[in-house]
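Next come two complexes built around subunit A: one with subunit B, the other with subunit C.
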Partner chain A sequence: MAREIYQAIVDGILVGGVYALMAVGLTLIFGVLDIINIAQGILVILGAYLSYELAARLHIDLFLGLLVTVPAMFVIGVAIQWAFIRPLRGRERTSMTLLVTYAIALIIEGILYQAFGPNYKQLNGWYVTSSVHVFGFYLPYIYLFGFVLALALVAALYTMLYRTRFGRSVRATMQDETAARLVGIDTNRVSAITFGVGVAVTAAGGMVYGATSGGFNPNSGYDLISRLLAIIILGGLGSIGGAMVAAVFMLTLESLVDVWSPNWAIVVFYAALVLVLLIRPTGFFGRQPVRAQ
Partner chain B sequence: MKHARIAGLAVLLAVGVAFPLIFPNPAATNYGVYTLIFVAVASAWNLFSGYSGYISLGHAVFFGSGAYALGIAAMDWHVSGVAVFALLPLCAVVGALIAVPFGLVALRVRRHTFIVITIAVFFIFQLMAYNFSFTGGSIGVNAPFLPWQAAIYNERFYYIALGCAVGALVVAWLVRRSRFGLHLRAIRDDEDRARGLGVRAMRVKLTAFALSGAVTGLVGGIWFFYISQVQPPSGFDPLFDLSVVLMAFLGGLGTVAGPALGALIIEPGQLYLNVTFTNGYLSEILLGAVFLAVVLLMPRGIIPTGGEWVTKLRTRGRPVISPPAPVQAESDATKAEAKR
Partner chain C sequence: MRPHLPRISRNALALSAVVTLSVGVLAACSSSGSSGSSASTTPSTSATANKTPIVIGASLSLTGDFSADGINYEHGYELWQHDVNAAGGILGRQVVLKILNDNSSPTQVATNYTTLISADHVDLTFGPFSSLLTTPADTVVAHNGYAFVEGAGGAPSVFQSPANEADHNIFDVSLPIRDEMVPFVNYIASLPASQRPKTAAYPMADDPFADPPVQLAQQMLQALGVKTVYSKIFPEEVADYKAPADQVAASGAQIVVLGSTDVPTVSAFMQAFEQSHYNPKLFIAAAGPDQGASFTSVVGKANATGMMVPDGWYPGFKDAASQKLVQEYVAKYGGSASSMSSDVAEAYSVGQVMQQAITATGGTDNAKIIAYLHSGATLTSVQGPVKFDSLGENGESDAFVFQWQNGVFDQVLPASAAGSVTIIATKPNWAS
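Take a look at the complex of A and B:
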């Protein structure tokens, strides 16, 4: 039993790393644009399908394929922001953007169904099926590789945000958009690029998700987005560190409950969110009180 | 003007009542039943979300719970036949009872966080319906057999749904006219200021949420009885939430007639698409596309935008009368009232 629990914790942390990557994209978009991108879940699935197509048709290795899919998803993200998010202004913007991204999610889901059908697909590679023996645990290579990839990308995002000029303008926009515009930051450009980056990481997240989740279909997007939303709210909206901590915490919790009962694991996931918010409405690392309008 | 409005409403009601007599075939009345169910639900949704500005994407919780409550109660208490209709108030009670703890958690936070919590609670309910034994797991619950002939089955349900829809609209209208409704809209405009002016925000929001949940639960019970079965994905359906929100936005958020108008346009369209494109995916894409078009082109909805056009048409050629500058002390709610 103790052994199963240790294994569950290790699994939770490794999978949590991948969720952290996807959640950081989402919370970054929230921080800069003040919107929640409901389409993030289906975009992850889209990324997984792109990897699947590259691997199945052109026999490109999953990790190499990222060199194609990440830029592709970046372009898709910028296009979505430019066409549908940018025009929204005014008092109802919050709910409007939510509905717009929900609608985009529906459209993408429909297109994916049309193209691939409802059958479950899985991504394959030698590292998906074989595993490595460390400290008495059997770990599939993909979990390790995925975790390392997630760490590398999160580190890259962190460097971009805190060590570059562009990152500084992103953080300025997150703090106060009007003031950022006043000091000469092109906030439209910052918004577009941030949305693109937030979507681009879903390509990597989707690839690892597609290889580790044991099968995905267009409907998997709902499951993903609800988890990601729970994670970023728990971490505190707009907090990048919070999203990472919350992702690892939630996935480890789920993995632990899963040892006891797989059916209830996901319920505990949401129940944890509700409980934490009862005590702390701003989440773990909320920047500002959520109550303030 | 007032007489014209009453006459218009009477004509609409007469059309509603006469519809199954003019189109007696079951396919048409089926459209009618579904549309009226959504008229009722969209009005109930608007009663809370449209008036208060708290957008709920979790109303399927009430809808599905109403359906499950009816099915489980009928099964456990061995109620059958027409007597099941006596259990309908139970659906409303269940809806309201779920709304209170749901609201106590969710209404502590605003804007995005509120919306996300409603989504989370929605998924908790769907998963519970899958996992508990008394909900029948993925098989769901079946309704007791109703000894009505096929010919009159749809027609009777049509009138029941019509009664519900009219009832929901009347409730929405009464709330909008009342002091309670004004409180709600004051919360929508500026919650902190409303609290400062003495509105008991939490109590008002929770009451509206419970009222909305009760009506939605009741309609959920009727829907369940009509299609005579419920499974977790049909009772707790994310598309349900989205359709209801789309209806309210298309018609006009926060207006009485808007959500009903939206439902009258969207639900038959959706049913038609489902019948025409049987794989269902194309209708999903189209729903999303319509949604995008509505939000981008007509963000305030048909009723407010249409109202503006009518006013423009009437005052054509006359000098523009600018409204007097708003007094500083006037609250946002009354300003918003004056604009309408």
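Take a look at the complex of A and C:
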């Protein structure tokens, strides 16, 4: 039994890295724009399809392909923000963005169905099925690389937010958009770039998900969104490091419960969310709201 | 006094309108098999032109979790419609299909059949994909007195539902799924004791289709002395299959009997096994490997070799009508015979059985059709003979086990059955 528990912890941490990759973009977008991006799941799948196209048509390695898919997703993100999010104004903006991002998800799903059909795709590379043997456990390279990528992305986003002039603008916009505008920050530009960055990092999550999920099709995004939302709420809305910690915590917990009862694992996943929020309503690393309400 | 309405900017209103229109256009584009398009693509002779068409309604999962299967079912229904209309229709009447998308939702499927029956006034109904959707659909269909001929609702819970036990209106043209693993168990029993695997694992997705055959196989294998080292039911929407797959790998079971419903579940278990350097001697899944190219394109043809799945039909089935269907399918949708899913044949069989019932009863009276299908008549289909018992199960169908062998999907069990090739008795090691 002890071995099974250790194995479950290892699995939870590794899978948590994959979910962190998919969730950081979602929490970044919420933190700056006050938007619950319902399209995050389908954007993950879009990222997976972009990696698939590069690998299948041009034989580009999945990780190398991120040099193309991340900028491509950035452009897509900026375009979505400019076309659909930016025009929304007024008190009902947040609720409107829920509907708009859901509509965006449907549109992208429809396009992917037209382009690729319903059959499942899988991303492959030598590291997808290979593993390294450490202390009696087989650690698949794809999960290890995914975990390292998640840490690197979180570090990069922190550097961007806390070590650059643009990051200062982002944080100012997060705290009070009106005040930020009054001191000369182009909040439209900040919002567009932040949405673009949030979508861009999702390309990495999509690639790793596409290699580890056992197959994806245009519909696969719907299974993701509820878990991703739970992770960013638990981590603290807007907290990038919180998303990473929460993803690892939640998936490890689910993996551990799975040893005894797989059917209870998913229940415990969401019960843990409720319990933590009762004790700490802002999540692990969420701050008290400072935005003008 | 006028109520105070929240102010919405013109941009927001314009954007909402654009989004709504876009979604509407997209939905219109993605909904398929409408009566108009189906009728317009099929020939109509002058003799039949003036007769009222037979309108048949069905709900299919064209999006959502079952979309791969749902679209295969749509292909099967449409191929049957094309063939029937090309031959002059049924009783001189052309067939029009009206297919609605249920997005793989048990709620939506019931709504769709309500719409088809109450609003569209279809003459007859065909079933949806999966046992999970057939049961809620039948509550509506049975309530309205319609015969419900279907090909993918083979779980015991479908036949034993209150609606079917009261109205006896379900007719499943395919193999009842509970016994589908029996040829596999019989094969294990036929092995000399020294060669018989000693341990087995039974991971199961929580689904009415996936579990019953695996649970029966577990009971029978245990009775043969095969020790159960893992048996758990996991939710269909797990975050990742790595945890349950690693537990199976750690058990070291020689046989894995996977209660799966789709390709990703099987593929994820295979991937995790390979990552753990674990290769069971025999690996059979309830569903997934039967999906033709959809399966091999995900797992690779080399890794597919040795993978088994129970079913009642495969593209190599030696039957003239079946071979004609395979040729038609490949001509219309491309690929090879092995890339064709059994869903297509199941759906086509639904049409064939309904066609024979309409012809025998002289029309589309559902009460007469139900009585006829329960009369004990033996009907024909591309899957083989069809004869229904009192709850609508097809008692004539035989269970077979199929195996991928070097890129070809072959029938292997029962070994004595016509068309069976030699089974790969030990699954080769993972290829990548």
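Definition applied: the second predicted complex is superposed on the first by the 281 of 293 C-alpha atoms of A that agree within 3 Å, B and C clash if a C-alpha of one lies under 4 Å from a C-alpha of the other, contacts with A are read in each partner's own complex, and residues count from 1 in each chain.
In the analysis below, a residue touches a chain if its C-beta (ideal position, glycine included) is under 8 Å from a C-beta of that chain, and two chains touch if they have at least 3 such contacts.
Owing to the predicted nature of the structure, the values given are computational and were not obtained by experimental measurement.
Q: After the subunit A overlay, clash or fit between subunit B and subunit C?
A: clash
Q: For A:P71 in the superposed arrangement: first (subunit B), second (subunit C), both or neither?
A: neither
Q: Any idea whether subunit B or subunit C touches more of subunit A?
A: After superposing on chain A, more of subunit A is contacted by C.
Q: Per the contact definition in the header, classify A:V274: touching subunit B only (first), subunit C only (second), both, or neither.
A: Only subunit B is touched by A:V274; subunit C is not.
Q: A:I107 in the overlay: touching subunit B, subunit C, both, or neither? Say first, second, both or neither.
A: In the superposed model, A:I107 contacts both subunit B and subunit C.
Q: Which partner does A:S255 contact after superposing on A: first (subunit B), second (subunit C), both, neither?
A: second
Q: With the two structures laid over each other on chain A, which partner does A:L229 touch: subunit B (first), subunit C (second), both, or neither?
A: Only subunit B is touched by A:L229; subunit C is not.
Q: Could you say whether A:N217 touches subunit B, subunit C, both of them, or neither, answering first, second, both or neither?
A: second
Q: Just checking: does A:A8 make contact with subunit B only, subunit C only, both, or neither of them? Give me first, second, both or neither.
A: second
Q: Could you tell me which of 39-47, 111-119 or 219-227 in subunit C overlaps subunit B after superposing the two complexes on chain A?
A: After superposing on chain A, the clashing stretch of subunit C is 111-119.
Q: What part of subunit A is shared between its subunit B contacts and its subunit C contacts?
A: 84, 87-88, 90, 92, 96, 99-100, 103-104, 106-107, 109-110, 113-114, 222, 263, 266
Q: Which subunit C residues qualify as touching subunit A in the complex?
A: Residues 6-9, 11-12, 14-16, 19-20, 22-23, 26, 29-30, 62-65, 67-68, 70-71, 104, 206, 232-235, 237-244, 246-247, 250, 262-271, 274-277, 293-294, 297-300, 430, 432.
Q: Under the stated contact criterion, what part of subunit B meets subunit A in this complex?
A: Listed in rising order, the residues are 55, 57, 105, 108-113, 115-117, 119-121, 123-124, 127-128, 130-131, 190-192, 238, 242, 245-246, 249, 253, 279, 281-282, 284-285, 287-289, 291-292, 295-296, 299.
Q: Flag every residue of subunit A that touches subunit C in the complex, lowest number first.
A: 3-4, 7-8, 11-12, 14-15, 18-19, 84, 87-93, 96, 99-100, 103-104, 106-107, 109-110, 113-114, 117-122, 124, 128-131, 138, 140, 143, 212-220, 222-223, 227, 251, 254-255, 258-259, 261-263, 265-266, 269
Q: Spell out the residues on subunit A that touch subunit B in their complex, using ranges where they run on.
A: Residues 30, 35-36, 84, 87-88, 90, 92, 94-96, 98-100, 102-107, 109-111, 113-114, 222, 226, 229-230, 233, 237, 263-264, 266-267, 270-271, 273-274, 277-278, 281, 290-291, 293.
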